[in-house]
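So, here come the structures, one by one.
Across the two complexes that follow, subunit A remains constant while its partner is subunit B and subsequently subunit C.
Here is the complex of A and B:
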């Protein structure tokens, strides 16, 4: 069974070897003339004013997590919508139970001040 | 995208209300705790601040009692079967664990209510998280699909990641939370990778189907399947804190608040054993040789290392953490031995262990002061003279952990070891017996401190809730020792749905 993976292994080895060889060759043979504007993160973009490693407000994580919760909810809606006619009223009730559980979570976050941007 | 989705699903889906009701009945104890959890969250938002804690605690206890009632009813009916297209089940194995975790949840809420007030911590959210952990544990007992197993595992782990760090200002609590999060994440990753490989070999996530397909297919020589079993074993060993994956246990147990430690030491362990039995014994009987050897080695190492390390501890929490590692080793003997006798012994031990190990941790709450927990051996000095009832109960727990007759711990070990001998694992049982002889020394050392003739010391924090929980635990630890047939019979019935070898 594993024998069928041998071509994949050979392919992986070729890829690694080729990429490794190319990078090594360009590193050894290529000319390096660094100067200031060439070393900027975005060589031809806006010139950065501050370093990138700054403290980030934790609220961004909160917002991101909230986004994911409701994003996943939306993803659940698609297959449900496709099969709604066949699922019938049971499907409707079930989805509202699901939304109700998420609504409890949202109410908790709201009441505890998780949505306040201060 | 939609076209692909439609093609991969059956053309006609039909799920009538009667089916929905029947499926919901099978998971009624779990569903009821989930409902209680949601109501607790709402109550926490609506009620005035000073009444929240008590109200949510009583709601949690009431919900768990009803859930226990459902479970006991289903246990006596005994006609549970698979539900939700085979993803969960309400068989006696599941119901056994639902009863176990409902009882555990009630005890945890009783202990934590007084503890959190004493330490001035947020209360209602703690109970909500406890309920979430209970739902996860119950799901692990009822899961008959790798997907449901993982769902339960994550649900219980996430609840513990938060509650471990509940004493937010303390560095030990922060360390415990961070350590448990990282180690738990590793363990989950191992389990998930193992599941992926098993799924790759079997082509299904349903445990009975995996067992069927691997029984008569030419996949057994597949090294990827063996690798999957090994990865699953590593992840499970993390969860039961088996050596060499135990290093997180003492630190996390010490840093977490006492009710969480008590909850985790019993609950996570029982849930992890339910998961091991479901996945290894039910789904992978054709890989028995692989996981038997793996678990036997972990078991032997846990018994040796756990018991030796416990001898040198000065903190009772750490001592009990190492003792828990050793106890996991004993229980693994039952899984390795297998069969109805072995699994019945495992279920007996887990249910009895619930009482005497939980009680041992819960008794330490009388030493709690607002500035922190005082759980050094020296803090226990004279407990038996200052409060004889607590002293006697602590003696019951310690002697039961050490395996003295006629306490529940003795019969637990007796059933485990005799199942091990009957299955031919004599070397493992010899190690276990020697290790438990060593263990007597440190359990008795705790009792030496408890019965030091000394009446001076800080005032004990004795409240009705924790003392009731401790008393119930002590009475049951004695009862199951005097009359073990009751619980052992239940254990045998509980193990019956798992196909024997």
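Here is the complex of A and C:
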């Protein structure tokens, strides 16, 4: 039923218009008096000595990779959950095998210390 | 007529008239946006009053009766403040960040049904993947926060943005998993079907709050939703003692207001979702008891719970946060799905 997406599209356009108007207003309203020390990055009054975009802990990258694995798993669950009444035990066992594989993966990451943050 | 759910004849046939239909849709969208903005503003007021009461001080009580116009005053102040961008920011992404935050927060409301009257509830779009759409747009928060933090050219913003993104994606897995048992039980992703889910238990025949049949789902949902909205005890992205303001350190004026608005609107959204999914939404209602009374009362109850948590619990450490997300909530959520699936299939055959 693609027709039910039409009000959604109208809503999205109105929301984008509203947000665009607010961003534009942020330039129109209020004074603009920039000077050098105001434009410095705010680091509690200390003048920054190094560039802001520095190297970060690899843990963030690892978390993002884990997220993709387990979020895709969650999305697989959704259609399965809605039709479970029709699928019966066959569907339950199929999905248990899938969960078991991912549970083994999670246990492996856990043992290797992939979930530790110091 | 998939748009308005009416149990009585439509007045003057306006809903069956094609032009009248779209006029109603447009008016309803504008009205929804207005109500959402007002509700968000008064959520901020409610939080500030309750924070005051919890700390044995009056809270805002100067602007208007009971301080009710405080938010209008704050809004005017923020809009007329200088909204500058520091040197070295990425000029486009710096604006995209807050815009995405607010747009995503509003868009989730396209599929959320609102109970209004006996046999009458309203939603903008009746798509069959309802809750999946809510998750899809609320995940955009991670982009908004990461873009804002990265484009600000500030160490604290970047660190706050990275922390927030890692936190949001970690708890999103648990949030998604927590609702799978609900879909197994109700067999639908539409929020109105979930809220109207009815049972035949002996003499009782009618809607039930699903928290009775899926209490573990409710607990996981509440913890994950608190983390998703960056509320205390999971407010590490903006831990002011370590990160100044976190990802919005370099934002001022209306651009800061947009982040703030998005954050509180998300809080209203997760409260509404908890009401619809776990507490039967607009039930109980009757011809003499309008549906919006239980609906709004439950949402305000959840907002109170969030503010109460903020006043009671200290902030978690980052390693504790990640441990809770990956080592407690994720395995618990998976076990919950397995057990619910087996029990539901065993009971229904």
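Operating definition for what follows: the second predicted complex is superposed on the first by the 66 of 118 C-alpha atoms of A that agree within 3 Å, B and C clash if a C-alpha of one lies under 4 Å from a C-alpha of the other, contacts with A are read in each partner's own complex, and residues count from 1 in each chain.
Basically, a residue touches a chain if its C-beta (ideal position, glycine included) is under 8 Å from a C-beta of that chain, and two chains touch if they have at least 3 such contacts.
Just so you know, these numbers come straight off a predicted model, no measurement behind them.
Peer 1: So, A:52: does it touch subunit B (first), subunit C (second), both, or neither?
Peer 2: In the superposed model, A:52 contacts subunit C only, not subunit B.
Peer 1: Tell me which of subunit B and subunit C touches more residues of subunit A.
Peer 2: Counting residues of subunit A touched by each partner, the higher count goes to C.
Peer 1: Quick check for you: in the superposed arrangement, does A:101 touch first (subunit B), second (subunit C), both or neither?
Peer 2: first
Peer 1: After the superposition on A, what does A:111 contact: first (subunit B), second (subunit C), both or neither?
Peer 2: In the superposition, A:111 contacts subunit B only.
Peer 1: Is A:82 contacted by the first partner subunit B, the second partner subunit C, both or neither?
Peer 2: In the superposed model, A:82 contacts both subunit B and subunit C.
Peer 1: For subunit A, give the residues common to its interface with subunit B and its interface with subunit C.
Peer 2: 1, 78, 82-83, 91
Peer 1: Which subunit C residues qualify as touching subunit A in the complex?
Peer 2: My answer: residues 2-3, 25-26, 29-30, 32-33, 79-84, 86-88, 95, 98-99, 102-103, 106-107, 110-111, 124-128, 132-133, 150, 152-159, 162, 165-166, 169-170, 172-173, 176-177, 180-181, 183-184, 187-189, 244, 249-250, 253-255, 257-258, 318-319, 322-323, 326-327, 330-331, 334, 337-338, 341-342, 344-345, 348-349.
Peer 1: Help me check something: in the complex, which residues belonging to subunit A touch subunit B?
Peer 2: Of all residues in subunit A, those touching subunit B are 1-2, 78-79, 82-83, 86-87, 90-91, 94, 101, 104-105, 107-108, 111.
Peer 1: Would you tell me which residues of subunit B are touching subunit A in their complex?
Peer 2: 2, 5-6, 9, 12-17, 20, 38, 41-42, 44-45, 218-219, 221-224
Peer 1: For the complex, which residues does subunit A have touching subunit C?
Peer 2: Against subunit C, the touching part of subunit A is residues 1, 3-8, 10-12, 14-16, 18-20, 22-23, 25-27, 29-34, 38-44, 48, 50, 52-54, 56, 59-60, 63-64, 66-67, 70-71, 74-75, 77-78, 81-85, 88-89, 91-92, 95-96, 99, 102-103, 106, 110, 115-118.
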